[in-house]
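The structures come next, written out as structure tokens.
Two complexes come next, and they have one chain in common, chain A, joined by chain B in the first and chain C in the second.
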Partner chain A sequence: MVSIFITAFIVGGLICVVGQLLFDVAKLTPAHTLCILVVAGSVLDGLGLYEPLIDFAGAGATIPITSFGNALTHGAMAEAEKHGLIGVVTGMFEVTSSGISSAILFGFIASVIFKSKGKV
Partner chain B sequence: MVARGLLTFKTTPSIVATGVTAGPLEKKSQFVDKFDKIYEDERCEAKTNEHGHAKMMEDACMIALSKVDSVPSDADFMLIGDLINQMTPSNFAAATVGIPYIGLFSACATSVSSLLMAALLTETGMSKCAIAGASSQHNAVERQFRYPNEYGAQKPETAQWTVTAAGVAAVTPYKKGFPSIECGTIGCVIDLGMTDPLNMGAAMAPAAADTLTRHLTGHNKDVKDYDVIMTGDLGKTGFELYKKLAGNQGIDVTKNFRDAGKEFYGADPSFLSGASGAGCSAAIFLTEVIDKMRAGDYKRVLLIATGALLSPLSFQQGDTIPCIAHAIELTMK
Partner chain C sequence: MDEKKYAKLEKEISPKRPLMRNIIFAFLTGGTICLVGQFVSLFYMTYFDFTQQTASNPTVATMIFFAMLLTGFGLYKKIAQFGGAGSAVPITGFGNAVISAAIEHKTEGYVLGVGGNMFKLAGSVILFGVFSAFIVALIKTILVKFGVVSW
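Moving on, here comes the complex of A and B:
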């Protein structure tokens, strides 16, 4: 029970370390860093490596943005099996739709309630 | 070498009044007590950041004029600028205030370029009272040049915090008892190939060092002639680089050097490399420095405002950041 927390913490933390290194060492912008992590998750799933990582680390692998890339590939491949090539297109947002819809919904709610400002 | 870009004012126009307004976060500034007005709301109760930006500038103008018992109709010229595209906050402020207006853009160096232009108009005898100044508003500037405010992007240690403030001076023909403008140096654009908008201090430092050297040699002055040589908004990172560059030119940088951006928020590490923005140098030059001159602490000062002349588009297209620094010398006779 406790070990899953530890592995989640370490794996999730390591993914964030990669992101921080992309910022600080490679001097990439936040948008570039985000895209690289999403693409990395997508490629890893294509190679069949991301699901074993989720089995091992749980939320440590599903919470970071790499999981979004994983979900994109996962949905595309699952639909492709059922419907062929067209499934790649229809399946891509199958799994990720909840995440995208939530982002729009909660973004809307936050923008109605709050005014944006710089953070110190 | 022929001295180029040097200005000398025989009539030594005076800065007879100043008006400085600032946003709520600027309460954290160590100079907050010197500001004329602090707003409780970042948008100055206006609907948008940009409208608040304009309001801050209008109020600063009115405060400066009221200190010399003047109204806008007494002023001949208004020379102000900011960092927003096409300078709409300054344009809107000028529309409300109603003084004949020219918008000036030297990025954050506008605080000094506007004073120099006001002094020139005064020197020709065509201006009895000119308003000069610059302003910046954090949210409006950040979202234009860097990331949307909602995004909450992480910033590196070299990044600076755009100040929400407006600083305005009323410039008139020489008047005894007020700081007067003796000379100045118009900067050259220096571009050493920096491309990081989160490290503007390093981009601007060479321009500041160049203008300092040109001012000293051109006007035949020495660092020892000044009680203080203050730069606009180099920040902690840029200020060290600037002193190093000036030191390499044989200038003694150990005494009397100050930077408004580095000092604005004190030592608070949450502001990273320090403050920046056109309002940063305008607010500090026109409060801290002018007050000390009027109190007799400073007899002769050199103010060098630095500006990064990038646009959001030039940065997105991967262009380098050209920088400029303008210098103005004030004396208390």
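Moving on, here comes the complex of A and C:
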């Protein structure tokens, strides 16, 4: 039980280090970096490697943005398994709905509650 | 001054990014956010009927809720200053991008300001996420059809 907390910290930290290297060494903008990580997560899931990583590191694998790509691919493939090619489109947001919907919801609530103090 | 000289001068004058320090701070910040996430998913696994795999959905929503509070009170900006990629890469960074854009454009009204600008920064992540997921799932479906791999 304790070990998953340690692996979560280390794996999550390492994924962020990859992001920092893309910032500083490859001189990419944050937007480019996040796009690369999302695509990486999606490809890793296609190869069947992301699921074992979640079992190993828990939130260390599900909290970084790579898990967003993984969840999109996962939903698309699960639906494709059942319904064939059309499932690729219909299943896309099946797993990752919470990320997008909570971002929209809390974004709107925040805009109602909080006042802009310059760039936040 | 020609362009080459200017670029050289700019390179000399601009402060060097302390790479090692940035990496350590990114590791610690990102690791801490994931550690908090692990506690949240433990909560969902203990008190609700979730497994390690399915707990990620409610955990992500909760983390974005935390990001809303931190962004609203102007604290996420401070974490980002020393955390670098450690604060941008976790899902809270995605939440922060959406939420800060929403708050920032509030003055332009809810429809044109908040609605129109909310995904200004995060939109590219969704676009490339969806597109790559489409390609990957398409390739896998075709490979399964031809019997190269199985699900």
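Simple rule for what comes next: the second predicted complex is superposed on the first by the 116 of 120 C-alpha atoms of A that agree within 3 Å, B and C clash if a C-alpha of one lies under 4 Å from a C-alpha of the other, contacts with A are read in each partner's own complex, and residues count from 1 in each chain.
Assume a residue touches a chain if its C-beta (ideal position, glycine included) is under 8 Å from a C-beta of that chain, and two chains touch if they have at least 3 such contacts.
Everything numeric in this text was worked out from a predicted model, so none of it was measured.
Ranked by how many residues of chain A each touches, chain B and chain C are led by C. In the superposition on chain A, A:28 makes contact with neither chain B nor chain C.
Looking at the shared chain after the overlay, A:46 reaches chain C, while chain B stays out of its contact range.
Contact with both chain B and chain C is seen for A:116 once the two complexes are overlaid on the shared chain. Look at A:88: by the touch rule set out above, it reaches chain C but stays clear of chain B. Contacts of A:12 after superposition on the shared chain: chain C is touched, whereas chain B is not.
In the superposed model, A:69 lies in contact with chain C only, and not with chain B. Under the contact criterion defined above, the residues of chain A that touch both chain B in one complex and chain C in the other are 23-24, 30, 111, 115-117, 119-120. Of all residues in chain C, those touching chain A in their complex are 17, 19, 22-23, 26-41, 52-53, 55-61, 63-65, 67-68, 71-74, 76-77, 84-86, 88-95, 98-107, 110, 114, 118, 121-122, 124-126, 128-130, 132-134, 136-141, 144, 151. For chain B in complex with chain A, the residues that touch the partner chain are 25, 42-43, 138-139, 142, 147-154, 156, 161-162, 196, 270-271.
For chain A in complex with chain C, the touching residues are 4-5, 8-25, 30-31, 33-35, 37-39, 42-43, 45-46, 51, 54-55, 57-60, 62-65, 67-69, 71-73, 75-77, 80-81, 84-85, 87-89, 91-92, 95, 97-104, 106-111, 113-117, 119-120. Interface residues of chain A, counted against chain B in their complex, comprise 23-24, 27, 30, 111, 115-120.
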